[in-house]
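Please read the structure below before turning to the comments.
Note that the chains are named A, B, C and D in the order they appear, and that numbering of residues resets to 1 at the start of each chain.
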Amino acid sequence: MEQIPQIPKDKFKLIHDENNADQEKIGTPSLTYMQDVRRRLFNNKVAVVCLSLLSIIVVVAVLAPVIAPHNPNAQQVTMSNLPPKLGNLNIPGMNGYQNMGGKMVDAYKQAGAPDGTFYILGTDYLGRDLLSRIIYGTRLSLVVAVLATLVDLLIGVPYGIVSGWKGGKTDTFMQRIVEIVSSIPNLIVVILMMIVLKPGLTSIVIALAITGWVTMARLVRAQTFQLKEQEYILAARTLGEPSMKIATKHLIPNLSSTIIIQTMFTIPNAIFFEAFLSFIGIGIPAPNASLGTLLSDGQKAFRFLPYQMWAPAIILSIIMIATNLLGDGLRDAFDPQSSEN
Amino acid sequence: MSDQKEVIVSVKNLKQYFNIGKPNMVKAVDDVSFDIYKGETFGLVGESGSGKSTTGRSIIRLYNPTDGHIYFNGQDISTIKSHGPKMKEFRREMQMIFQDPYASLNPRMKVKDIIAEGLDVHHLVNSEDERDKRVRELLDMVNLNPEHMTRYPYEFSGGQRQRIGIARALAVDPQFIIADEPISALDVSIQAQVVNLMQDIQKKKGLTYLFIAHDLSMVKYISDRIAVMYRGKIVELADSDEIYNNPLHAYTKSLLSAIPVPDPEIEKTRTRIDFDHKRPFLDDQRLQEVLPGHFLYCNDEQAAKIKN
Amino acid sequence: MAKYILKRILYLFLTLFIIATITFFMMKMLPGTPFSNENRMSAEQLKIVKAQYGLDQSVFVQYVRYIGGLLQGNLGTSFQFNNEPVTALIGQRIVPSMQIGAQAMVVGTIGGILLGAIAAIRKNTWVDTLATFISILGLSIPSFVLAVLLQFYLAYKWKIYPVALWDNFQSSVLPTLALSALPLGTVARFMRTEMVDVLSSDYIELAKSKGNSNWKVVTKHALRNSLIPVVTIIGPMAVSVMTGSMVVENIFSIPGIGEQFVKSITTNDYPTIMGLTIFYSFLLIIVYLIVDILYGLIDPRIRLGNGGKE
Amino acid sequence: MDKILEVKNLHVDFDTYNGVVHAIRGVDFHLNAGETLAIVGESGSGKSITVRSILQLLAKNGTISQGEVLYHGDDLLQRSDKEMDKLRGNKISMIFQDPMTSLDPTMTIGKQVAEPLLIHNNVSKKDALKRAEEVLRLVGIPNPKARMNDYPHQFSGGQRQRIVIAIAIVNYPEILIADEPTTALDVTVQAQIIDLLKELQQKIGTSIIFITHDLGVVAGIADRVAVMYAGRLVEYGSVNDVFYNPQHPYTWGLLDSMPTLDTSESDRLNSIPGTPPNLLNPPKGDAFAPRNAYAMAIDEEEQPPFFKVSKHHYAATWLLHPDAPKVTPPASILKRYEKFKTLGGNVENV
């Protein structure tokens, strides 16, 4: 400290220039909020794996008619309850052999299946190809998920925005309705709908429409309440921006993270619900396949033919786990502080 | 004196209550009257909960006043409908600068769209080129680099964001701007940037400001006249020098005595005056002119005493 | 507080009334009667039976009667199960349902709280990852899949527990496990979020700066503050346990209400469905009410009002 | 004078999503017994992190990468968390910025004030609560006996800060670290709290490290002042040295950008242009150089060392190098120099 360093004299020239444009410069590349979210999401390995798995499942489901090797509803009684067989590759558990009275027997030969016939995931008690049924079942589950999401977006989001934005008496009234709807157990609404209407996709969707939007409406309302006091919304109001414009320009873009994250939790719920209803026998009617009916059928034969339940159970669990984890990943990506501090 | 000046905003017996009829009713602004003259900076100071921000928001009609009138250029704007041509017209004349540089800009919008919001609402530009040109001019006016118009708010510092907020308000060419604690969220070294800019623009455009703040030294510096608010009422109003040199209300005195000054010698001798918050207002008191241009919330007896 | 509780109880009755009304009219919208497919009944017999159940009167009269019955605690009479009153059915079957339901709630809540708290304390370590993974599994594997797997491996293959029997505590273990997975996952995730929030709050920093050990900071300050909001999800949890109990009771052949409900659905036993619906709703609304009151009691900010005294 | 605390060459890094932030880049200072040391700086300058490092209360992603914190000559950074617990709230305690959030909302204030007593002393619960009541009275909570069982939300902001202070002083600490204790408060309440702290210092003889960004507050409370910028100290000295004989252009800028009551509207405020640097990539030379109207070529290349101004007054600016050109500070600073002379000070190096 006491020692004064030796510095060449010319270094002591004053270099300041009056133009301070430099100080206002921004060095970092410009990223939009969404680009930043995407960057964070793709840096999250778990989320990427989940997203890829879900994408594959969605693609397979969409292309079901092309990909499914058999007609999912075609019965072939002679080929009933065949174990999985993956071509002529001799993989244990996937080679068409079955334990019968303590001996491994080639079930395909026993059933008299012509050479070259194989069912990758085996067949059920009516000789229907399980793989094809799972693909179609998944497709149906995804349809339910999409419809449930639409209900969320078309009923829940506008309801929440209107309730939160209007406030006062309108809000009190709208919240009373939400309270009543949410204190009726949604399962009961669904079951009542199932009984009154015929079991099937329509009644599942109507039932979901009656109860499914409530959570979304609540979240959106709470968020809208916060947002509407934000100064940029006040600024828009002082500029004379009409309410509709404020909703589309300011509210919805800033609500998007809440909406997307909530959707990621609506999807597994809807899929679970369909499976549950089909499992107790009031969901999708036979012969159509859904993950729930496959599980229900598989459960009955689980002791002897476990593969009939394992396959749909695994697919269902993967969809559920992947959407849940992706939801978490999205939450972290949208709100980096929540995971950092 | 100020009597010859032209009044731009006149607030008459403004009341702004919340939760009316409920046990948690708040009289945020309770019978407040004052005039703001064209071209001046009118400072409104008070501590948190005094109603100063609410007053500003009522004037710009973010709230519907419970009672009283607000005249802007002689026209009563306290009763015009929230959605109508008159309101739209009014929204061009009066603008606001907000407190929080982080909350006052929509994080999902580009700077140019934020600034151009007013231009779009009032159809002040006819083409994309004209819009960009206007935004460039506005950015230049607030000393920001026009190249940054395609950036997003999070890329800017607090002071820069505050200047973007100013540019947004200026876009519609208002006559009157309410600045609601525009510098209280900024660092000391940045505050001066914003204050200087506001003064430059005022001179250039002949603007009138209502400057709301709790920092008395800055308010004194920037304002021509100051009103001190306490619990929803104006307790004292005078020229800024007069308020500082000759404070009459006990609350004003207490407030002034509490301001710390960056000078150790002054600080050594400063004595704090306590104010009794138990019964601040009495029934026979009202805001009245006790000295030329100096208004005090007091009863007639006190007023007479001071006048003599 | 008393006024608030009174208001809530009033709402409870209003909601129940609405549910009863909706249920009643939905049942009336159904085509035919539960007897129409029983060919052996002659028109005469049918008329007698209908009169017996009051089905020959106008819908409005039936409605008034039904609501009147409800007010006296009469949930109607089953068509199928020996003409027993629904209340009697519930009485016979409530014990096993309540037992596994309560056990699952307790296991799920306590397990979830511990799991969530540990994850939050060891945030961003492998412990957190593991705990998060367990809670995601709990959320993602449907209770009926879990029930089948537990039954197959723990009972059928390894013979640790009875397969499908209902006599002692042993037999309630597997259904409890299957049912508690979902509440466990839900509570653990909620608890983790709350606790992470609390742990980064200023008062935790102050508690640490007082010289509290990390353990004491957690037990004396963080835990209590994160537990208060967890109370709010007990309601929705009760719903999920109830939903799950229907299939779980079926799989394990437990003579409970859930099993009865499913049976009634498959046999179109409308009065029983109606009665059980109202019973379930009543239970849930009571749970919601208790949770709300509890929340007000344990959080001083609500109990004592929110206004700061100047 | 006794140095009871000495911080040497402190470096603190934070691991963030965007990379490592070098928040503290070599800070040295000491605290004498019985004095009040004020650390001033803008948000992000690292003042809060500096004092949190003393008690090792950093966020999880923060690490002290270098340095020593000597408490009576004993390096605290070598101590385990358990050993630190014995010191925290006992010998060294802290007051936090936001009274609205720093009290546990679900615990009565009596218990919260008694807590440090129970942790560090072998006292009964009853005695601790009795003592807590006395301390609450000492900090000016009216009717403390009745209010011991109240919860934080039942108190106003000013009262809550008094309670936070009561918690901090209940064990008569040797060192009290006050981290912006008045920033969240109204100006009249701020004045009361500052008076309270001064009074308590007299009564219990504690040494105070006071962090703030408000130079007015500093002028009223500090014996010595350290000015911080971008993770380093730029100037330190007695309160008179820093206020009347400032040497660093940043200190000039800070003092010059504040209006005083005798600044009239015709005097233009002098603002410091630009914004503080991003500490993800700290500049090579003087961090203030880009905003400095008096910057020299050397400032962009090398960090200035501390130059001695007078016995206890140092400033880190190349302007104090004997070879540097003589520059004229802003007018308001020159006025301060005048005052320094009348106070008997000696203006050197200008």
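Definition applied: a residue touches a chain if its C-beta (ideal position, glycine included) is under 8 Å from a C-beta of that chain, and two chains touch if they have at least 3 such contacts.
For each chain, UniProt lists the protein as follows: A, C = ABC transporter permease; B = ATP-binding cassette domain-containing protein; D = ABC transporter ATP-binding protein.
Since this is a predicted model, take the numbers as computed values, not measurements.
Visitor: Which neighbours do subunit B and subunit C have in common?
Guide: Neighbours common to subunit B and subunit C are A, D.
Visitor: Quick one: point me to the chain whose Cα centre is farthest from that of subunit D.
Guide: So the farthest one, by centre of C-alpha atoms, is C.
Visitor: Report the most central chain, judged by the distance from each chain's C-alpha mean to the global C-alpha mean.
Guide: A
Visitor: Pick out whichever of the two, A-D or C-D, is joined by more C-beta pairs in contact.
Guide: Most contacts of the two pairs: C-D.
Visitor: For subunit C and subunit D, let me know how many angstrom lie between their CA-based centres, rounded off.
Guide: 54
Visitor: Centroid from C-alpha atoms only, then distance subunit A to subunit B, rounded to Å. What do you get?
Guide: Distance between chain centres: 49 Å.
Visitor: Taking each chain's centre as the mean position of its Cα atoms, how many Å separate subunit B from subunit D?
Guide: The mean C-alpha positions of subunit B and subunit D differ by 32 Å.
Visitor: Could you tell me which residues belong to subunit B and also touch two or more other chains?
Guide: 160
Visitor: Which subunit D residues reach two or more other chains?
Guide: Expected reply: 59, 273, 275.
Visitor: What are the residues of subunit C that contact at least two other chains?
Guide: Residue numbers touching two or more other chains: 200, 310.
Visitor: Could you run through all the chain pairs that touch each other?
Guide: A-B, A-C, A-D, B-D, C-D
Visitor: What residues of subunit C sit close enough to touch subunit D in their complex?
Guide: 123, 200-203, 205-214, 216, 220-221, 224-225, 228, 298-301, 304, 306, 308-310
Visitor: Show me the residue ranges of subunit C that touch subunit A in the complex, using the header's touch definition.
Guide: By the definition above, subunit C touches subunit A via 11, 14-15, 18-19, 22-23, 26-27, 29-30, 124, 132, 136-137, 139-142, 144-145, 148-149, 152, 156, 196, 200, 239, 242-243, 246-247, 250-251, 262, 265-266, 268, 270, 273, 277, 280-281, 284-285, 288.
Visitor: In the complex of these two chains, what residues of subunit B are touching subunit D?
Guide: 47-48, 157, 159-160, 187-193, 195-196, 199, 214-218, 220-222, 224, 244, 254-255, 257-267, 270, 272, 275
Visitor: Contact residues on subunit D for subunit B in the complex?
Guide: 42-43, 186-192, 194-195, 213-220, 239-240, 243-244, 253-255, 257-261, 263-265, 268-273, 275, 339, 343
Visitor: Quick check on the complex: what are the subunit A residues that touch subunit D?
Guide: Touch residues, subunit A against subunit D: 1-2, 4-5, 7, 9-16, 20, 22-24, 40, 336, 340-341.
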